[in-house]
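After this come two complexes, each holding chain A, first together with chain B and then together with chain C.
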Partner chain A sequence: MIGFLLTRLFSLAAVALGVVSLVFLLLHLVPGDPVEVMLGESATPADRGELRRSLGLDQPIAVQWARYLGKLSHGQLGESLHSREPIVELVTGRVRATAQLGAAALVVSIAIGLPLGVGAALRDGRRLDRAALALTALAMSIPSFWLGPMLILLFSITLGWLPVSGRAEAGAIVLPALTLGIPLAAALTRMVRASMLQVLSEDYLRTARAKGLPPARVTVQHALRNAALPIMTVLGLQLGGVLAGAIITETIFQWPGLGQLTIESIQRRDYPVVQACVLIISLTYVVVNAATDMLCGLLDPRVRMA
Partner chain B sequence: MSAAARLSLFVLIGWAALAALAPLLRLTPDAISLPEIMQPPSWASWLGHDDLGRPMADRLICALRTSLLVVGIVVPLSAASGAAVGVAAAWRGGLFDACIARLMDVFLAFPGTLLAIAMAGLLGPGIGNVVIALTAVSWVGYARMARAQAYAVKTREHVHAARVLGTPAPAILLRHVLPLIAAPLLMEATLGVAGVILAEAGLSFLGLGVQPPSASLGAMLRDGTAYMLVAPHMVIVPGLALLALMLACNTLGDALQHRLDPRRTLSLMPAA
Partner chain C sequence: MLSAIAVPAQAPLRFGVAQPPITLDPRHATDAASERICRLIYRALVGFDDRYQPVPQLAHWERVSPTHYRFTLGSEGREFHDGTRLTAADVKSTYDYVLDAANASPHRGALKSIARIESPDAEHVDFHLSRPDALFPGRLTMGIVPAWAAAGVSLSHRPVGSGPYRLVDWPDAGTLDLQRVGDGAPLQFVTVPNPTVRALKLVRGEIDLLQGDMPPELLGWLRDRPGMMVRRVPGDGVAYLGFNLAEGATRDLRVRRAIAHAIDRNAILAYVFGGSGRPASSVLRPEHWAGVAGLPALAYDPQSSRELLRAAGYGERRPLRIIYKTSSDPFRIRIATILQSQLRQVGIEVDLRSYDWGTFYGDIKAGRFQMYSLSWVGLKLPDIFRYAFHSGSLPPEGANRGRYSDPITDRLIAGAEVAPQPQRQAELYGQVQRRLLDALPIIPLWSEDVTAVTGARARDFEPATDGNYGGLVHARW
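Moving on to the complex of A and B:
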């Protein structure tokens, strides 16, 4: 058990180092001289020299990389070129907003996906199952940047029930959470259905039914618990979808999260902020996936062996 | 083939044909016409006009051409480069393979959309950079699959025989390994089409893709959302087109996957 956890922690550290390095290299993708792109053509040579020094771009790339890692290990992300604020302060509130939206989207996903998937599996091949499959196919094909505007058109403009955008008004989170959560709910429904179908044909379920347990108890305690592992893995992976999808959803609804900050910073050519946002989002994704993996290992000894 | 799969095939063929034949249709996607600004669909102009009075139908066809162009470059390019990297890693083994495997882990550790957005944002807008960003994100899926498949094929007897006969490695890979791993790669590429269409539209929606006046489904949607209140057709038309494409790709991908049952492909592999 401890060996399993240590191996996973070690590979987590290795991947995290790789992710940090790739994010570091992203800045070097900017065509031409990044300093000139960031400051524009009107900047004086002195300004350019100062920015180049403060970003460390006058150093060899290996030194830049080592310094970047050193700063990160002290929790420093640099400062914004646009507002001159430390990036750590800039992102704190944004992280909270994105976490709130992500949590709401996961709630939507589970609230729809779990019962619908279980229901579809119990009614395999019948009307509810076919309806669920058709609905999930539709939901998985709808681009979020169309679903969002359509929800606004229906619920905000036509019916006037919910605010169009922002975060200030009550209920403002509903539409972005639905936009982000509905495609996830569809994927979760499919996964729940598939793993429930696999479990439902097992011998121990026949035994449970044969000894006269109430159907609800058979479904929840015997079937769902055994089907939980792949479902958890999907939920862990979905968080990645949430974080990446949040970029587009937050832009549509002007939700002041990390995703919106990423796009604003790209438009402002505030590349250190872009770098920081990408780093935070991808590291969260890496850590959550590793945590899901370890949790699966704790719950199921078979995973530990693999 | 089910009715849904046949309909999907029809939609995709129609998309490709329309996009390919666009230059012959004498379209006027950039013709600004002030009296027709935001005119809803009518008999004369069956998809209406946009905020500059440009015909939506013509712009839609050009946008479909843009997505076909991006798919046509990104999917083959990332499949070929990914397959080459994956097969080379499996063939060489050792340190080279270990390095490639770690590199793939790092790329897979990113949510794909995020990496594409960041790369396209830093490289700057334009269709060329969209292609670079999407290829840089998608090669790794193919590489992972090709590596796993090539590992299984590498130990098979006909490959041993070819080696013993002194066939040079490139010839073995090309003639004895690649044909055996082509089917799952093609399958992956089919599924990849939907992802690339969506990613291109998403980048253009964020303003990081194709630049105006060129048409793209994502850019049309972005313009449409700004005028949603007064001209809902501007957001409904490109959205429905994109939805139809995505549904067709996903349905066909499902049908193909069903046909190429992975268990059947696995049974062809020798017991390790």
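Moving on to the complex of A and C:
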């Protein structure tokens, strides 16, 4: 078991280094000059050269990469090109807001996806199953930039129940969480249904029913428990989806999270901030997947052997 | 008895904006949101009147010699929000900070003619220039900050100015709370990037006012809602088509003229902008002191366009093919598609290519284009003509992106810059604009109006031609 965990942690570190390097390299390949962003177009070439030297941007890319890794290892993400604030301070509050929204979206996803998936599997081929499949296909096809404004029109403008956007008012998290959570719930529903259908045909479940166990106990304790592994994997992957999808949802709902900061920084060509945001999103995805992987290994010895 | 009753605090006026300010330090602010809010928090030495002529704000000035300007501080706006008095030392310190290359201020380039600054007493500041600059007072529009902020103190999130508003709180990027100094009226900027959501928030009363960055169809929808008031003023930004004059088909003046006559500006303004704009013939508005009223319009004349193309050697057998680059902004792509369609009517095949801003702008500066569209916004000084059309202003020295080179234009620009009288300057800049309209290094297209929409609470807010928030100084709520 310890060997399994160490292997996973080692691969996590290797992937993290790869992600950090890739983000660094890609952002240096993207057109746009940070020095011009800072000094404006009217700056003289001499001033640009001077600032480029002082920022170390005149150095070979390998040197810049090594310095970046060195700073990163000390937890330094640098400064914003525009506001000159430490990026750590800029992103701290944003990460909290995104985490809050992501958690709410996952709650929505599980609250809808789990019962609907189980229900659809138990009613395989019947009306509920067909309705669930149709609804989930629709929900997975709707882009969040359309779903968000439609939810606002219904719940904020027509019914007047919830605020349009922002974070200050009570209930402000409901609409962004629904916008982010509904497509995830659709994917989860389908995964739960497929896993449950596979498990429901197993011999041990027939035995459990033959023993006279109540149907609810058979479903929850025996079927759902054994279908949990693929569901957990999907939930782990969904967290990555939540972070990526939050970029659009946060922009629509003026949710001051990491996604909104990423978009703002891209628009401003604030490359160090973009770099930090992409890095945090990527590393979160990597860490959550590794954690899911390890959890699956703990729960099922066959995964450890694979 | 009455004194025991708590008076409810006045609810803030909530102003919906598309972008949050990045910094509230005027020495580093360059984006529109930061600059507009800085203008509320700080006062500058100089402002502009309706014709963009420099007028005294904190100080009036005299030209001691062509390279020496003396500014004398007036009595208004002399108290910083921390209670200290604004003096000549603060002015000197503000500009010394900007001129110090180590501080990497984006405003340093525009002030490079300053050789040194002196403050002989608390009321006077002397600016000594390295060369004559007739437009110099108009360059001193940056907010003045206290001298103690020179020693590496960032005012980015803790601004201290002497303007009509002071900072109350900036809890996150989404909201910024200010307070009017005169009467204590609270104001809140609320960032709502999505225009549809911004309009919906206004309708629901979650914000009270918005200005600009709103598609025409949403403005039409808002206009029809009860309680909404739409106000418009002509904007000073100018959209234009730029050409590569160094190589390819667009070197030929007949081709550029053919393109100009193939574009039906009035139809685009009527049907795409909902009538909220006007055709442009120059990068300066006719109302600008150096602008020209009555410049001939570039008429929509498809027949002339076809004849010009034929004269240039293009026709059905040899159609003119142009690569047209634009940004990935959906509205700009929509406009570009309409232009593509209009040019097709006269036989010009347009290969439309949209790029993300970094790639697009990089290509434009490097001269990797045949035709592109962009806008000049916030132009106050006529030195735009040197910056964008003088042969000595090729990137990276300036923004002559099309590589336009004309000795007569260069001579006229140089003459205007040293002309001592504003009237003579205006006359020479007028000649420059006529020359540019003949040579068409760019085709000025139109100026979009600045539009503000207010809900029931906001009263007496008037939008400004450059989109600044000066209307908040006298607005009531």
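By definition in this document, the second predicted complex is superposed on the first by the 290 of 306 C-alpha atoms of A that agree within 3 Å, B and C clash if a C-alpha of one lies under 4 Å from a C-alpha of the other, contacts with A are read in each partner's own complex, and residues count from 1 in each chain.
Quick note on the criterion: a contact is a pair of C-beta atoms (placed from the backbone, for glycine too) under 8 Å apart; a residue touches a chain by one contact, two chains touch by 3 or more.
Nothing here was measured: the structure is a model prediction, and the numbers come from that model.
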With the two complexes overlaid on their shared chain, look at chain A and say whether chain B and chain C clash or fit.
-> clash
Is A:Ala99 in contact with chain B, with chain C, with both, or with neither (first, second, both, neither)?
-> neither
Applying the touch criterion given at the start, work out whether A:Ile263 contacts chain B, chain C, both or neither, answering first, second, both or neither.
-> both
Considering only touches as defined above, state whether A:Phe253 meets chain B (first), chain C (second), both or neither.
-> second
Thinking of the overlay built on chain A, is A:Leu295 touched by chain B (first), by chain C (second), by both, or by neither?
-> neither
Of the two partner chains, chain B (first) and chain C (second), which one does A:Leu27 touch, if any: first, second, both, or neither?
-> first
Quick one: classify A:Ser42 as touching chain B (first), chain C (second), both or neither.
-> second
In the overlay, answer first, second, both or neither for which of chain B and chain C A:Leu153 touches.
-> both
Is A:Ala137 touching the first partner chain B, the second partner chain C, both, or neither of them?
-> first
Return first, second, both or neither, reflecting whether A:Leu51 touches chain B, chain C, both chains, or no partner chain.
-> second
Colliding region between chain C and chain B, picked from 98-106, 206-214 or 242-250 after the shared-chain fit = 206-214
Chain A positions touched by chain B in one structure and by chain C in the second = 30-31, 149, 152-153, 157, 251-252, 263, 267
Complex contact set, residues of chain A against chain C | 30-32, 38-45, 47-48, 50-51, 54, 80, 82-85, 93, 148-149, 152-153, 156-157, 160, 163-168, 251-254, 256, 260-261, 263-264, 267-269
Residue ranges of chain A in contact with chain B within the complex = 11, 14-15, 18-19, 21-22, 26-27, 29-31, 137-138, 140-143, 145-146, 149-150, 152-153, 157, 240-241, 243-245, 247-248, 251-252, 262-263, 266-267, 271, 274, 278, 281-282, 285-286, 289
Okay, in this complex, where on chain B does chain A touch?
-> 102-103, 105-107, 109-115, 117-119, 121-124, 194, 198, 201-202, 205-208, 218, 221-222, 224-225, 228-229, 232, 235, 239, 242-243, 246-247, 250-251, 254
Residues on chain C engaged by chain A in the complex (per definition of touch) | 19-20, 22-23, 28, 30-31, 101-102, 104, 106-110, 112, 154, 156-157, 172-175, 190-194, 196-197, 200-201, 203-204, 206, 356-359, 361-362, 387, 396-397, 399
